[in-house]
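In the two assemblies presented below, chain A is common to both, partnered first by chain B and then by chain C.
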Partner chain A sequence: QVSAALKKGHVTPTELCQRCLALIKSTKFLNAYITVAEETALKQAEESEKRYRTGQPLGVLDGIPVAVKDNFSTAGIETTCASEMLKGYIPPYSATVVQKLLDQGAVLLGKTNLDEFAMGSGSTDGVFGPVRNPWSYSRQYKEKPVPESHPEDEASNWVITGGSSGGSAAAVSSFTCFAALGSDTGGSTRNPAAHCGVVGLKPTYGLISRHGLIPLVNSMDVPGILTRCVDDAAVVLGSLAGHDPKDSTTVQDNFKPFELPSLTDVSKLSIGIPKEYHAPGLSSEILALWSKAADLFKNAGANVIEVSLPHTHYSIVCYHVLCTAEVASNMARFDGLEYGHRSDMNKSTESMYAATRREGFNDVVRGRILSGNYFLLKQNYESYFVKAQKVRRLIANDFMKVFRSGVDILLTPTTLSDAVPYTEFIKEDNRTRSAQDDILTQAANMAGLPAISVPTALSERGLPVGLQFIGRSFQEKQLLTVAKWFEKQVKFPMIELEEVKRHDHGVFQHQKSASFS
Partner chain B sequence: AVRECRGFWRRAWQRGAGGPAPRGQRVVAGSAGGAAVPAGKSGLAPWVPVVGLEIHAQISSNSKLFSGSQVQFAAPPNSVVSFFDASLPGTLPVINRRCVEAAVMTALALNCSINKRSLFDRKHYFYADLPAGYQITQQRVPIAVNGTLSYSLCTDNKMSQMVTKTVRIKQIQLEQDSGKSLHDDTRSQTLVDLNRAGVGLMEVVMEPDMCCGEEAAAAVRELQLILQTLGSSHAVMAEGQLRVDANVSVHHPGEPYGVRTEVKNISSIRFLAKAVDYEIQRQIEELENGGTILNETRAFDSKLGCTVPMRDKEGKQDYRFMPEPNLPPLILYDAKSLPANTNHQQVVNIDWIHERLPDLPSVKRAKLVEQYGILPEHSFTLLNEDGLTEFFENVVKHTQMKPKKVIGWILNDLLSYLNQHSLTVKESPVSSSILADLLNLLEKKEISSTAAKQVLVELWKGEGKTPLQIVEEKKLELIQDQEALEQICQAVIDGQE
Partner chain C sequence: QKVTVDVLDHLERLALVDFRDSEGVERLQKAIQFADQLHEVNTDGVEPMDSVLEDRCLYLREDDVTEGNCAKELLKNAREKVEEYFVAPPGNIPLPKLEERDTYLQSS
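Right after this comes the complex of A and B.
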């Protein structure tokens, strides 16, 4: 809708940009942004405005403010990955996906906060501090009674965004931008999307270029898309997908952007409910919601059946072996020599390397590097890495079998519970939390399948809960069509945030979720 | 298995234990029979040396193996470094088609089986000249395996008898070159130049089928010629485009192979032969004195003519090999397997490359022998000197003298002069047309062969005179006139009295 508004001249790109920048300032306590690129954003907005005035906008995204997770390379804008290692690092090139957005006229507001090097499920372990879930300050959450809480606790009662793309999710959720890029390796886009009440899309591996995305696990990473509605996600997907000669893992097939049909008849759909996703620790609330969603499809005429993905319970362990191994390898380049932090230690090259890496990386990163190197040792390689690759194949085959048997889409929860308070989250360490929180999302990364989290309802605590749809490889159109139908049915409420109301000059027009398409 | 070698090594001189042999006193294996003097503690126990080679050839291409930056020798430091070469985070490798073709050409020339599906791996270690902390190589499934290389040796110094040998090629793999680090000890710093980081290399592994320095040198020389003929590598050792590491061990016949050492830092083919022979001798002495051989890496010191242990490479490295996740398997096609409607820009077709291979040195030599009636040994020398074949063929074209006679002038007169003055054929003051003119005078019997040699001496001065001019100046013409000859003879006879 805002795109139409821009076209009609109801609002100008500069106005839009300024409002978003102002909102970013007044929601600074969320700590969603690491860098706000105010000057360049305004310049881009001005350019966009010129185009609209002459009636030649570049497309739907022209003038639309967006944010990008700080593990995407942005030329001329600091890219830190929320790590000491890259503080002050200003890349000389932009990631392909960033460039594509800019080429479409999008206005880049800034770089969003994350867990250091995207390792984590809370967006709490970056060097710039944790991201706060905007819903912590929503009327919906604040009006709910919190057991055993005192008035003084209110300030510290805020809940996490989930991770690792928490900054991007918070940015979209708090209306400071209309779309944001995240990354998804084990659920890092879908998890915070669910906790922040926004749409989080993980595309098929190989559909969108990873060139410029600072890698965590090269064989699982994908750029993720966070928006306020499914149609928006489809638009952004359309502008990003397609072969990139700079990324040899993108498929060569021609990609055609699509518009989502408004599905009315779901009777030809077969929805699979994988029984293993009734995981230990799944809250009864979410279980009930999942059940309700299944019924929704059934009552509308779809074929809803229980299916089995028998190797699901191996996926966490398998993921940890493969992830840490790739991390150990990918982090080897951070030695302080060519870019990034360099230690003052200069007795020898080795000591400089060691000190630089000790100073530059947090415990989580260092822990994964050590584990990964252990698994890659010659004597361990067969029993860990190769074994994990074989198990990965089994997990991927589970999905293939189910899809081949006639199931179109799988419906699962995205998270085990709604967002927990920060003070509770940090009681367990990163590794434990990741193992717990990734369980529903990372099998899709293992299999390279597309998956999307759609905001479904508010929990008893007044916080968002999302449900996940997993589709066939490269069948994003079908996946998003079903997601859009579901979104229409559930009518997820808009966040009631003071700051947003203050800056809303009718732009958002009291919609359920202010979209731009 | 005991590989056949001309002459087993024997303890060849009477010396005390240990110490590098002073130059000139070592007996080099290979002379038929060997001047073996049984001496020392273990008497006549023969040794079988075993030599294998790991050769890295820099691929001749415009850009690097996985990035678009240029391949440029001696460019200003860090001036041809792409973001990927510098390991900037987020950059990804994209394979260079030309490098793949170079490897396929080389594999075909070495009679290898080409793996139509080969894989890339990461080999991890930390070093200043390795920006990513790993090298992309092919450890699990290289692009080609199981080939052979034939090379020839002379059985004596006169090049009158040649023997053909073969060495098995274990595999050829594609991998990245590293940058260069220069240690500045005075300021205790290391300077890193990444120009070379990411340049494409073909690693050619030769099985331990060789037995001495001469064989190793001959094999490498032949490989060098092949690479240069194909154009897949310039293979100039002095410019680091061809690097050779030798694996050397010794054992008694019938016993298992001994512990091997790796010898690095060999900067020329001549030094290769020396390094290998030195190392063989060192190991024999060590073992005969009751010592053991360590499985270590040693550097060849060309000034001292010996190998010394390398300090850096202590302890075994675990390279933590891992598949390179950013590169899908490398698929090669042939005419049969090429799918219809493929964009031929996107694929490498082995058969297409095979059809376009140039004549390999062995074929060229055979053709020279057949076409010109020269001896096989001659053809070796012709190919061995850069530009000599063209020179020879040019002379033959412009003279009536038979090639069989021309070759003598080329090899005995021209070549020896060039060698004496350390000149290349291109730098020869005597061009092929000038030599052809001279040989024509000889052929037409206008001068004698002695006179021709005198003219040649004058021509070397490069003063721009033609052979005819020199003949006239020095009055070297053969006199055909009966009367004039009689007069001269008479004068000589008269002069005697």
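Right after this comes the complex of A and C.
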């Protein structure tokens, strides 16, 4: 809708950019952005405006404000990964996905907040502080009574965004941008998408280039896409997917961007409901919503069957071992010598490295590096690392078996509950939380499958709940088509933010529009 | 089984990060306990999986120089440099042994 408005001249890219920048300022308390690239964004908007005036926009994304998670390298713009280790680091190149967006004319507003090095499930462990879920300030959440709360507590009742791409999710959810990039290693895009009421897409591993994405787990990382509606996600996917010679893990298949058909007949679809996803700790609300969704498909004529993915329970353990092992390897590059923080200690090379890493990494990162090194010790390699790799094959095979038996799409919950208040969340440590929260999203990363979280309904506390669809490898078109149908059926409500209402006028209507395509 | 101080020391040297306090060591113990659940799974005859793309051929491009010559930009981010060198403190000096280090492990 916004793109059409830009084409018709109802709003100009610079106006749009300025509105977004102003909104970012007024929603600063959300702490969604680490760096706001005001000057470059306005410049990009001006260039875009010139193109529209001469009737030659680069495409649907021309002039659309976007945000990028701060673990993607952006040339000339500070990239920190929310860590002391990279504070002040300005990359000399841009990640392929960032460059692709810029080449399409998108306006990069800034870098969003995350958990340090994308390790976490709450976006609370970065050095720039936690991200607040915009829904904490929505009328829908505020009007609900909170048990055992006092009026003074109101300011501290805010809930987390989920993680680790919390900043990106909050940015999209609070209307400061129309699309954002996140990364997904264990659910880091889908988890905050579900908690913030936006669409979170994890593409198939190998579809989108990871060049420039500061790696966490090379065999599972993918760039994730966060938008307000499924059609937008398809548009962004279309501009990002495809082989990249700079990333040897991207497949060479020809990728054709697609438009999503409006599905009317789901009778030929086979929807699988994996029973193991009825995990302990799943809230009864979400269980009920999951059932309702299954019924929705059934009543529309689809074939809805229960399926089994027997190794689901071990997916999180397997992830724990493989993730820490790859992290131990990937974090070895941070030694202070070529870039990033460097300690003043200079007695010897090794002691400088050790001091730099002590000063640069937080507890979570250090913990994972040490665990990873433990599992990779010669005496442990077979029994932990290789064992985990074998279990990984079993998990991937589980999915293969189910898809081969005729199931097209799996339907599962995305999270165990709606967003919890920050004060609740921090009572448990990062590893425990990650182990709990990633349980439903992690297996898709293990098997490299595409998955999408679609906002479904509001919980009793007035907070968003999302449901997840998992598809076959490289079948994003089918996955998104089904997601779009579902999105249309559930009609998820728009967030009602008081700040946004205050600035309400013509141009803003475009901003609040659900989609830009 | 608890992890011995020797192994903890070995890990600190390998990783070049330290277990700042007892919480750090606890964290490792819990992580190992958690990972031990893997041994419940029967993986007889299962090959380890390195990558989900294992059935595909790796892309190899022609061995032609397509980019480079950016020494100046790369050096911009380094704190200590001389001409086109990254400067490091003297190497070949081993980290002090556990008894001589001022770390948590020594006192534990």
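We adopt the following convention: the second predicted complex is superposed on the first by the 508 of 517 C-alpha atoms of A that agree within 3 Å, B and C clash if a C-alpha of one lies under 4 Å from a C-alpha of the other, contacts with A are read in each partner's own complex, and residues count from 1 in each chain.
The definition used in the following text is that a residue touches a chain if its C-beta (ideal position, glycine included) is under 8 Å from a C-beta of that chain, and two chains touch if they have at least 3 such contacts.
Not measured: the values here are computed from a predicted model.
In the superposed model, A:Thr349 lies in contact with both chain B and chain C.
By the touch criterion stated above, A:Ser383 is placed in contact with chain C alone, chain B being left untouched.
Shared-chain residue A:Pro245: touches chain B and chain C both.
Of the two partner chains placed by superposition, only chain C is touched by A:Arg393; chain B is not. With both structures placed on the common chain, the touch criterion links A:Leu337 to chain B and to chain C.
Looking at the shared chain after the overlay, A:Tyr205 reaches chain C, while chain B stays out of its contact range.
Residue contacts after overlaying the shared chain place A:Ser291 against neither chain B nor chain C.
Counting the residues of chain A that each partner touches, chain B and chain C differ, and the larger count belongs to C.
In the superposition on chain A, contact of A:Ala95 is made with chain B only, not with chain C.
Using the contact criterion defined above for the overlaid structures, shared-chain residue A:Asn373 touches chain B and also reaches chain C.
The residues of chain A shared by its contacts with chain B and with chain C are 92, 219, 245, 248-249, 252, 328, 335, 337-339, 349-350, 353, 373, 377. Only residues 3, 7, 10-12, 14-20, 23-24, 27-28, 30-32, 34-35, 37-41, 43, 46-53, 56, 58-59, 61, 70, 73-74, 76-80, 86, 88-95 of chain C touch chain A when the two sit together in their complex.
Considering their complex, residues 72-73, 81, 86, 91-93, 95, 210-215, 217-219, 245-249, 252, 325-326, 328-329, 331-335, 337-339, 349-350, 353, 373, 376-378, 381, 385 of chain A touch chain B. Listed in rising order, the residues of chain B touching chain A in the complex are 83, 86-95, 122, 124, 126-128, 131-134, 190, 192, 194, 318, 320-322, 325-328, 346. On the chain A side of its complex with chain C, the touching residues are 89-90, 92, 205-206, 219, 243, 245, 248-252, 311, 314, 317-318, 320-321, 324, 328, 335-340, 342, 345-354, 357-358, 361, 363, 366-367, 369-371, 373-375, 377, 383-384, 386-394, 396, 429, 431, 435, 447-448, 473.
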